[in-house]
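Per-chain residue numbering starts at 1, and chain names A, B, C and D are given in the order in which the chains are listed.
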Amino acid sequence: MSEALHAVPPEPDMVQLLTPEGVRVEHPDYPLDITDDEIKSLYRDLVLVRRIDTEAIALQRQGELGLWASCLGQEGAQVGAGRALRPHDMSFPTYREHGVAWCQDVDPLVLLGMFRGTNLGGWDPADNNFNLYTIVIGAQTLHAAGYAMGVVRDGAVGTGDPNRDTAVLAFFGDGASSQGDVNESFVWAAADNLPVVYFCQNNQWAISAPVTTQSRVPIYHRASGFGFPGIRIDGNDVLASLAVTRKALDNARNGQGPTLIEAFTYRMNPHTTSDDPTRYRLAAETETWKLKDPIERVRAYLTREVGVDAEFFASIERESEAMAEHVRSGCRALPDPEPLSVFEHVHAEMTDELREQRDAFATYLQSFEEVGA
Amino acid sequence: MSEALHAVPPEPDMVQLLTPEGVRVEHPDYPLDITDDEIKSLYRDLVLVRRIDTEAIALQRQGELGLWASCLGQEGAQVGAGRALRPHDMSFPTYREHGVAWCQDVDPLVLLGMFRGTNLGGWDPADNNFNLYTIVIGAQTLHAAGYAMGVVRDGAVGTGDPNRDTAVLAFFGDGASSQGDVNESFVWAAADNLPVVYFCQNNQWAISAPVTTQSRVPIYHRASGFGFPGIRIDGNDVLASLAVTRKALDNARNGQGPTLIEAFTYRMNPHTTSDDPTRYRLAAETETWKLKDPIERVRAYLTREVGVDAEFFASIERESEAMAEHVRSGCRALPDPEPLSVFEHVHAEMTDELREQRDAFATYLQSFEEVGA
Amino acid sequence: MSPVMMAKALNEGLRKALEDDPKVIIMGEDVGKLGGVFRITDGLQKDFGEARVFDTPLAESGIIGTAVGLAIRGYRPVCEIQFDGFVYPGFDQIVSQVAKIHNRSNGKIKMPITIRIPYGGGIGAVEHHSESPEAYFAHTAGLKVVSCSNPSDAYWMIQQSIRSDDPVIFFEPKRRYWVKGEVADRPAPLHQARVVRPGRDATVVAYGPMVATALEAAGAAEDDGHDIEVIDLRSISPMDTATVVASVERTGRLVVVHEASVSHGVGAELAARVQEKAFYSLEAPVLRVGGFDTPYPASRLEEEWLPTVDRILDAVDRSLEY
Amino acid sequence: MSPVMMAKALNEGLRKALEDDPKVIIMGEDVGKLGGVFRITDGLQKDFGEARVFDTPLAESGIIGTAVGLAIRGYRPVCEIQFDGFVYPGFDQIVSQVAKIHNRSNGKIKMPITIRIPYGGGIGAVEHHSESPEAYFAHTAGLKVVSCSNPSDAYWMIQQSIRSDDPVIFFEPKRRYWVKGEVADRPAPLHQARVVRPGRDATVVAYGPMVATALEAAGAAEDDGHDIEVIDLRSISPMDTATVVASVERTGRLVVVHEASVSHGVGAELAARVQEKAFYSLEAPVLRVGGFDTPYPASRLEEEWLPTVDRILDAVDRSLEY
């Protein structure tokens, strides 16, 4: 760890429940009673999410995907946050929350469409309480605040009824913290005491910009300036992420308003498959973070403290093999959209002039088929 | 004061050097050694600024101005901040900083053009280191940050040379604190440790929206979240405004970075001459704030503590009469722009197509003259 | 209804929308107690409560962005932008989110958001308070853009826009807020243009604040023996080209009028469509009358800058001379 | 210079601008160490230092707004917007400040800001990375808008734009970044169109990424015996209408091509101008080929959505049939 401590200044104020070495530690404010089976199930999540991610990168290399934004290294933060969600809660991801999608039972294949280019997302946020991926940095945080305003108006906050009270979980990155939209979202959440939890994955980089380009203080400090609590967690510790997000969501549901969680983590892979990090960061830095891997520490804990046997890990391996196959074959099977579908879903009610454009284009396309015929 | 204290919760953390009753008090962090003559000159500033403002309102009533945004009640904050500026410093006002304009030696008539509708501002910010009024809420705070970036690149920070080191003073209102631009400006100033001082006049209202619509915590708290100091002052205390702004500007010039000053004050008049505050606030509130008038307290101090004689006040009265006359006659004398001037200064280099439009319009206008002739 | 001002008609239309659908909410700066700087939402907060008619913090991106979230939650937000020149901080949320989310979701999510924008000049205002940004939105696929020119349309079109499952940018000609007019018992289709004055010699198309000016011009032209047809476009996007083309096929001449700068304005699109669809009918090129290609000027110059009866007549004469 | 890619030509042009004027600075997201996601600023921070070539925080309004302040201080900022679809958060600062401050100050302040925007589609990207927002800026008085279509123009036009005392929105056709070409010894005037292929039968006008496609179409048309003139507009605002009109007076036919959605696009303005100025020369209506009036589609559909050689030929044929 000593190297690691050089790379990342020790954060006394960082909540950690499971050390990189896999040692379970307690935190006064965040007691977490969790069974070993639950931890095993978190391990399964982590491994499967990573496998989905790895497979997607391979598919991009093979030309099956145009792009992929890897979440490698951030699985702990995402699975912890995702598993803290209750059925009624709504989540607003960026484009990197594949781990949260997994926890919300979104079939990985649903995520692939926009990266393959067969659609722009295309899923219904209501299906899994998982909003569409949002690429415009920060924009989704205002959607989350607005959704939370709706929750309040629906009387779904602070009723004490677990089947009614609802919280909203909004994701964004360290770079996004500079966007006006994110700060305006903080203004709304604070002024209206909205049931929204902001989950910032500070993965140290915004493409090539280190977090210091955005802020000279820890990002979780930002919240206090707007009048709500902010807290930093070890973003590679799935237990810390689960415990802190769970508590923050509880507070939101109970009408105690917003919280900002800064998950201190690291983007192990390039920004996307199009990026070349060798131009702006040292391999040594990445190496250091390897020592803090979110999965290894859970595996170490399960092996050492719980005495989980090899068969368990083997079964997870088999499951992840199956998942990889599902992703591979499923991706290749994603159908290309029909040419004329570009005119669909532009409006709920298609306009005559767009219909005219569509019909003209249809005629144009046919002219070739005739030639072909 | 007791009523006042009901209306405005006492702010232990609010810097005050001159009480509403005109009693001089000390503040450990903000010693201000100031001569009685200097205070007399501040009094003169306050009275003249108020007179300019009052006269402008009258001119609007008479139809000489289309609109006026009154600074009544905010003269203390503005004159204190304005007098803290050094010759090299640059200021970025909103549309209400008439008191700062005065301190920067801007002839009141220069301000009237945009309210009369004879121009859109039209002055050169370099003339008095006073930027054009900016109507789009918050926009000027980014201009201030950018200007400060230029100051840094010019090596005009932290050299120790008083004739070289430069600070930037950016004004905005309580409502503006919600705008993305203002928060992005904070991001830039903090990340680059820019020599900019943010001066927020919290006059309790953004048109009809009380400050609570924008924030549930004092606005000066915002700064800490971005990593720089924030402080609240009694915005009706010209001495507190002078002392605190002076220190913040010094820090900026010395390379110690940004500060946010929240001047806790009150908009005594309607938002603008088009506004009707009876629809959203009680006269009682305004009455309470009358007791905190920024001018009265200085007058009380000068009379009671300094023993300034009636002749001094009379001379200021005469001067303000003269100023009123200057504003009245000067305003009426402001020339209407030439019709064809709409085409001027659209670009530094006029385009052929705009020249074509201008010539066509000139011909069109002439066709009437010919008819007329 | 007896004759009412457009401002009142809008207020009544909003009231009706709030009554008809509990999911309708009104949000914006100063729309609550104050009733908006133009009093269009006057009394609505009092009658429908602060949960449904409320003041937001001062940030347009926040207003639009939270409206998007409310729409995802099933609400039907009506956002007021205080003045035309202040919609731009919300432009990103409008163009990249409001306009695109229905499409992004393959039709799964609806965006029934109405964005009300008091627009146009002629009221002697300061900078940013007199602009006509409609072309920006008309060029943005996924949005619908309309503008009312009279109290009756104001009353009906605002309700139709709110009821629409598509986002509608609703442009209100602020300088006509105080003009009175009868309110019809039935609405016309939202995206249909209207011939407000039939004529044989030339067609003048306008919308919003310029319709009244165009009608005035047509009246004046009559004295010179010219019979001008005037069409109120009403819907800017989609644009009822058919109605205009049908008219031009009769008159052979077309003048388009709007306050926005001429270049790349709505008149350009209409001209481009008509010269294509009525190519053989046009006896003169489509002429455009609009604001000049300059920023909206200081108010003492706005009468020169804005299209006037005389400038419209001048264009009509030039058209007739072909 | 031997043939270079457009990306390299832009890089060299920026380098030259930095050398020629110490007030020139380059700012944006990832323009420093990374050299921009397209490497257009590659090596410039290394050679000119972090004070002159620097990464900004991640906020476009902040990038443009601070550039305005730098300009007031006497600098000549060159802002990079990472992708077309991300300019909108900075739209307010561009439209209400960059475009208007010179005018607001009665000419006292200059705004020599260049905003570089890699734009257009055809690279198989995800949403927001393939848009063509040029019409928004062309409709904004106070801005100048240009687009290069080849390495030589890229090299010279970027320098001319930076040297211009007016704000210039500089559109770079990202899909042509890697196409090589010779760089001329001398620049053409920045706001002048260029006839890139003379022809007698019809005129095709394009700019940026569509110029190559238009030339290809002209080549194909030759096989059918049609002699097509192709004009590279180069400057979108101001627009060199005279060059287009002169061409149409010879050919009698005009097709305008751009990637942006057809409705209210740049083609509308050109059509409106040409049908007015060349009314008696037009033997066919001005026809437009562009993106459809839909959001830019998923990349697997972009080949259908974008104007192609065939769609241009189809329009040319329709024009010739009149």
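Going forward, a residue touches a chain if its C-beta (ideal position, glycine included) is under 8 Å from a C-beta of that chain, and two chains touch if they have at least 3 such contacts.
Note that the structure is a prediction, hence the values are computed from the model and not measured.
Q: Trace the shortest sequence of touching chains from chain A to chain D and report its length in steps.
A: 1
Q: Considering only mean CA positions as chain centres, point out the chain farthest from chain C.
A: Relative to chain C, the chain whose C-alpha centre sits farthest away is A.
Q: How many angstrom lie between the CA centroids of chain A and chain B, rounded to a whole number?
A: Taking the average C-alpha coordinate of chain A and of chain B, the gap between them is 44 Å.
Q: Roughly how many whole angstrom separate the Cα centroids of chain C and chain D?
A: 30
Q: What's the distance between the Cα centroids of chain A and chain C, rounded to whole Å?
A: Going by mean C-alpha positions, chain A sits 41 Å from chain C.
Q: Compute the distance, rounded to whole Å, between the mean C-alpha positions of chain B and chain C.
A: Chain centres of chain B and chain C, defined by C-alpha means, are spaced 36 Å apart.
Q: If I count partner chains per residue in chain B, which residues reach a count of at least 2?
A: 119-121, 136, 178-181, 184, 187, 191, 213-214, 346, 353-354
Q: Two or more other chains in contact with one residue: find those residues in chain C.
A: Residues 56-57, 59, 61-62, 85, 88-89, 92, 96, 100, 103-104, 127-128, 141-142, 239, 263, 292-295 of chain C touch two or more partner chains.
Q: If each chain is a dot and touching chains are joined, what shape do you get: line, ring, star, complete or other?
A: Here the contact pattern is complete, since every chain touches every other one.
Q: State the interface residues of chain B toward chain D in the complex, per the touch definition above.
A: By the definition above, chain B touches chain D via 119-126, 131-132, 134, 136, 139, 141-154, 180-181, 184-185, 187-188, 191, 344-349, 351-354.
Q: Which part of chain A faces chain D closely enough to touch in the complex?
A: Listed in rising order, the residues are 66-67, 95, 113-121, 135-137, 175-176, 178-181, 206-209, 213-214, 274-275, 279-280, 336-337, 339, 341-343, 346, 353-354, 357-358, 361, 364, 367-368.
Q: Could you pull out which chain C residues touch chain A in their complex?
A: 25, 51-52, 56-57, 59, 61-62, 64-75, 89, 92-93, 96-97, 100-110, 112, 141-142, 144, 164-166, 191, 238-239, 241
Q: Would you tell me which residues of chain D are touching chain C in their complex?
A: Residues 61, 85, 88-89, 91-92, 95-96, 99-100, 103-104, 127-128, 135-136, 138-139, 141-142, 237, 239, 260-261, 263-269, 271-272, 275-276, 279, 284-288, 292-295, 322.
Q: For a test of understanding, state which residues of chain C touch chain B in their complex under the given definition.
A: Residues in contact with chain B: 29-30, 32-35, 37, 55-59, 61-62, 85-86, 88-89, 124-128, 262-263, 292-295, 297-302, 304-305, 310-311, 314.
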